[in-house]
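Pasting the structures here.
Both of the next two complexes hold subunit A, though its partner changes from subunit B to subunit C.
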Partner chain A sequence: MSTATWLLPHLINGVALGLLFALIALGFMLIIGVMEVINLAHGSIFALGAYVALAIMAPDGGLPFAFMEPFYALPAWPRYAIALVVAPILVGAACMLLELCLRPTYGKDPLYGLLLTFGAALVIEEMIRVVWGSSEYYLPIPRDISGGFIFADLIYSTYRIYAAIFACAMIALLWFFLNRTPYGAVIKAGAHDNEMVRALGFNLSRLRLLVFAFGAGLAAIAGIIMAPIWGVRPVVGIDAVIPAFVIIVLGGVGSFWGAVTAGVLVGLAVALTAAFVPDWSMISMYLLLLAVVTFRPRGIAGRASILER
Partner chain B sequence: MSDARNPVGRWITLPILASFAVFGTLPYWVEAVGLYQYLGLEIMVWVIFALGYNLLLGYGGLPSFGHGAFIGIGAYAFGVAQFHFIPNLWICLLAAIIITGLCGLAAALLVSRRRGIYFALMTIAIGQVFFFIASKWTSVTGGEDGLLNIQRLPVDFGLFSIDIQDTASLYYLAFALYAVVVVLLWRLVHSPFGRILGAIRQNEERVRFLGYNVFIYKAIAFILSTMVAGLAGGLFAMAQEGAYIQIMNLQWSGTVVLMTLIGGGLVSFWGPVFGVVLYFIARDILGAYTEAWLLWFGLMFMLLVMFKPEGLAGIWRDTVGGLVRRKPAAAPSPHPNQSPAE
Partner chain C sequence: MTKKTSLMSAISRRSLLRAGVAGGAAGAAFFGPFKHNRVLAQSEKPIKIGLTMDASGMYANSGQSERRGAIMAIEEFNDNGGVLGRPIEHVWYDTETTPQTGTRVAERMITRDNVHFMMGAIQSGVANAISQVAQKYGCIYLNTNSSSPTEAGENCHRVKFVFDGNGENFTRATSKNAIETFGPRWLIIYSDYVWGQDTKDATREVATSYGAEIMDEVPVPVGTRDFSGFLLRIQQAKPDVVATAIGGDDYKVLRQQVRDMGLEDQIAWVGNQQDWPDIYGLGTDAAFGVFGTTFYHYLDLPGVPEFVAKYKARYPETRVDVPGNVFHQGYMAAREMLRVIEEVGSTDNIKLIKAMEGRRFAAEDRLQHFDAVMDPNSHHLQQTIYLATGNDAPRDDTDYFKILAQAKPEEVRSEAEAMCNLESYEDTPSYDQG
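The block that comes next holds the complex of A and B.
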């Protein structure tokens, strides 16, 4: 068997991972754009999404309320679909509270927003520990998308292919939303020039509240999709927020396709190093980052941004 | 700026003496107030680390989020020097400082052209690279197990040597080194170098147009702060009698930022000291009541960033400083871009 075919499952894993990273990074980037805040709590929100989905889906690790009992009796597919829709909405709504806390930091040194969200990350992670404890959970998924299949003597994970397709669809929807709807136009305008958006009569405070909730919701969706791959642990947030950072810097702030490209690059780098030198799989993305940023300070497709202030 | 009454420009000032009085007598009263000797030692080590870190954050305005790596490198370097070279305290501490400084130099070359959030992101990446190297380079660092059985080496003065096996004696070594570090740092931030660093924080472009090599100043500040971290790391290795990987992870790098900020490192030289003391006392007192003490500490931190970003030192200045203010005209403004004054 040639090396190329042997690599195929790893490449697919890498692309799936990269597209999910890109989804996290895009929500992160929306928040940077409209609020000029580096949301260090994004990883904790990602983890929270997985936990809330767990609470909705499973009797084990789920909500101990009696009214949930008939719901837990439903077959796996409807429960999964409902969790996938409801959990991000709940998380997004809860994160509106964080946006309200962020308001005093607007217009100041971006360092303050960064620090506030660092505090929020601690708080969210500790809340998760208080509610669910520190042990690891697995999000139950419908049988149709679990397991693996054999194609041309190689084992492929069904779930990762599903994850890649799902992430692709989400990214396409997001692109459509941002570029083909009036709401997207306002968000993009808000990222370009806050004052002008306000001057045109849009409610900037409400826009920020909604964009933050939307970005948080995207992180929560990514958290739910990633949960069966990474497991559900309180500390999983850091594993998610760091690639998002790396992707934003690699792809360039403000560039949609820059982030998607960088996401896939990072995913492939992680998956391929995992295939050849498993011990070093997580370091490869930092080396990629340091190499690219040393020679191209604004990343693949970046423009001048908040990050340089 | 340098008239005789002005504390700026002196080597020893009243707040420095006050800090010596408090920390110098700590082993005698720490148990009377219900705490324990090792806590004092931990506070001393982290105070040294945070003071060095604040050279970067408070004075240079450079938010490094990877500094935990350097205290870790200091601890490993101390252990390795002890095991493989000479088990002499001064040489091992010097090795910790120099090796950490060299790693700091490598990092500084990569990050010193950046500022703000880019600087933060690059330092996260570098900190993670050091973390992964330390966790995989098992033959030197012991990997996940860490370096065990690091000795508390006697303080050797040639003619005689002092044994520092018990925690109180090691505390006094840390205190002596703190005294040296605090005086040198105080002098440094009030030197022309410190002034230029403060100017870079306020407006980097303008400093560059004035003809200063901004890159060199930022790099030197970075390297000096990592050398102080190396010293703290060496002490930490002796305190823990080992060097472990946990200290290098991102969480601890964030914690030192949190300590420095919560104390008010942005407006005061003493901010990091307040912050470290508050952090460890909160850990012990809140930790006695609840497992989730970080939840409450994190909430407190969020409230502080929202309503009082100048931290404890800012609160101190507004309350105590407001009562005993002698020259109202010189009252510092709470503007976040102002360099820490005293």
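The block that comes next holds the complex of A and C.
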């Protein structure tokens, strides 16, 4: 087997993984870019999304509501699609409460917001533990996107390819929303100059509330998409928030394409080290971060932030 | 400042001394004579057990499972009048699957909580950290569920008793059979910490002694959440057998991703030990390959259904509906130590250690196929090891495993125990909390 033949599956895998990392970081990027809040509860919201989807989809998902019995009898696809839409809306709406709690911290030392979201992360994780317990759950997915397929004598995960395509679609949709809709223009303007947006007659408080809910909804979507890969357990949020943070710093805070590029780079770093030097696979993303910020302290695309234009 | 001056003038040193002497005399008259008082207090003083078990980190679920086991044993003794006529209490701190926390917890339990003995640990690094503190003070420590061969090998201690089967035991139970069934070309994938590394070494030695060729050894960092790169590498290597030594949450994730890719039937997987809390809840099709265990709730043995019923009655609220191997070890270890205290009639550490060394545990009492023995030279419990696989015909939602065979303790004995050099009794500090 030639080196190229050997390497190609790992490169494909790295890009797919990178797109998933980018998906995880999108909501984090939006909140930090627009509201200048490092939302340490992002991981817990990610986990909450997976749990709410589980409760919607599966009768054994911890909350077997009797009134949902007819719904549980539906085929997997409609249940999955409904969970993918409803769970992020519910989580986003619930997280509006967190934004209300954050309001007194705006314009003050960023440490206050950081501490508040850290506390919120602990509260959400414990709430999950109280409601669903500490044990592992498995989010069922439609049969069409589960299992593996053979390509070039190797077995690949069908779901992972689906998840990567879904991540691409979400990235494109978010970009379209931010760049081609009036709502996106207001959000970008809010990120650039809050006072100017207020002076133009927009309700800044409501804008922040909606952006936070939107970011939380994106985190919930990422949680649902990653659930069949990472599993569903209360601490799964920690697995999400750390790469999300690394990707945002690596890509340049507030930069949309910086985050996407950083996600793909992190994915490639993790996948290639897993193939060549497996014991370095966990640390590879941090080494990449170190290497980049040493030479570009604002990250890969820190200057070209779409939210700073 | 004014307030301070007035207080000082109000309570002079002389009046304070007078009050102290008077109070002491009154106390002596009321509580004396001292000797009798001490005996009375001791007869009522509880036996205190320190539970060093994880509630967070990658072994949180297993830590809580063994905690439930220990508590059920303690409650049974208390319901029957305690031990030596004294009630049994327990204190528990989360050891966080972190060796440093294990050290802090052990220090606190011994020096501040004055526990009579300690028990618990899933991760071998944590167990080793706790046992070093325990040996320093002479406090008996029951390692219930961490299964690195070094725990009863080079890291053995006079005060430590290891109750779980170790990685080498399980490898011996599975290797010969797997080589004959699947082939000799092996790849080992292991958690990159003490248990995984030691189990990998043991797997290599045992498998090669049976004729296997180790093609590759793949370390997996603890906390890995994406195994896709590892799984591609494994496929490219085309081994006959993949031997795994990955535990806790990492193993759950690996299993999920293997199942997601449909690789469970494409590759012959030989696991080490499959801990029950690491698989329960994932569905009866979650187990694949062959692996070892020390207990299963559907073992066809007298006493097992009653044990399961007792568990269900005590823990109706837990999501793990039936007891697994981790719970079983927690329960059995606590029960045996309390029995030994009762038999010896003392809480003196050396007397208890001597009573535990070489102690035989009847098979029907331990709910296993063969008698178990606490090896006096390594302090490792020699016990039945079961070879199991996923159950393709489950009788209910809890029936994940199909038990294929059971190995006698002497058939799977760990050679790593030859490295054990226990401290002498003289070098072990005397420890008795009264």
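Everything below uses one rule, namely that the second predicted complex is superposed on the first by the 298 of 309 C-alpha atoms of A that agree within 3 Å, B and C clash if a C-alpha of one lies under 4 Å from a C-alpha of the other, contacts with A are read in each partner's own complex, and residues count from 1 in each chain.
FYI, a residue touches a chain if its C-beta (ideal position, glycine included) is under 8 Å from a C-beta of that chain, and two chains touch if they have at least 3 such contacts.
Source: prediction; values computed, not measured.
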> subunit A superposed: clash or fit between subunit B and subunit C?
Replying inline: clash
>> Which partner chains sit in contact with A:Leu289 here, subunit B, subunit C, both or neither? Use first/second/both/neither.
In response: first
> So, A:Tyr159: does it touch subunit B (first), subunit C (second), both, or neither?
Replying inline: second
> Now for A:Asp279: first (subunit B), second (subunit C), both, or neither, which partner does it touch?
Replying inline: both
>> Quick check on the superposed pair: does A:Val123 touch subunit B, subunit C, both, or neither? Answer first, second, both or neither.
In response: first
> Which partner does A:Asn13 contact after superposing on A: first (subunit B), second (subunit C), both, neither?
Replying inline: second
>> Output check: A:Thr105 vs subunit B and subunit C. Expected answer is one of first, second, both, neither. What do you get?
In response: first
> For A:Val270, is the partner it touches subunit B (first), subunit C (second), both, or none of the two (neither)?
Replying inline: second
> Thinking of the overlay built on chain A, is A:Ile229 touched by subunit B (first), by subunit C (second), by both, or by neither?
Replying inline: second
> Looking at the overlay, which bit of subunit C runs into subunit B, 22-30, 94-102 or 202-210?
Replying inline: 94-102
>> Under the contact rule defined above, give the subunit A residues that sit at the interface with subunit B and also at the interface with subunit C.
In response: 279-280, 282-283
> In the complex formed with subunit C, which residues of subunit A make contact?
Replying inline: 1, 6, 9-10, 13-14, 16-17, 133-138, 146-148, 154-157, 159-160, 228-231, 233, 235, 239, 270-275, 278-283
> If you look only at subunit B, which of its residues touch subunit A in the complex?
Replying inline: 63, 110, 113-118, 120-122, 124-126, 128-129, 132-133, 136, 250-251, 254, 257-258, 261, 291-292, 294-295, 297-299, 301-302, 305-307, 309, 336-337
>> Under the stated contact criterion, what part of subunit A meets subunit B in this complex?
In response: 38, 101, 104-105, 108-112, 114-116, 118-123, 125-127, 129-130, 238, 242, 245-246, 249, 279-280, 282-283, 286-287, 289-290, 293-294, 297, 306-309
> How about subunit C: which of its residues touch subunit A in the complex?
Replying inline: 56, 60-61, 64, 192, 218-230, 232-233, 235-236, 249, 252-253, 256-257, 260-263, 266, 277-278, 280-283, 286, 318-320
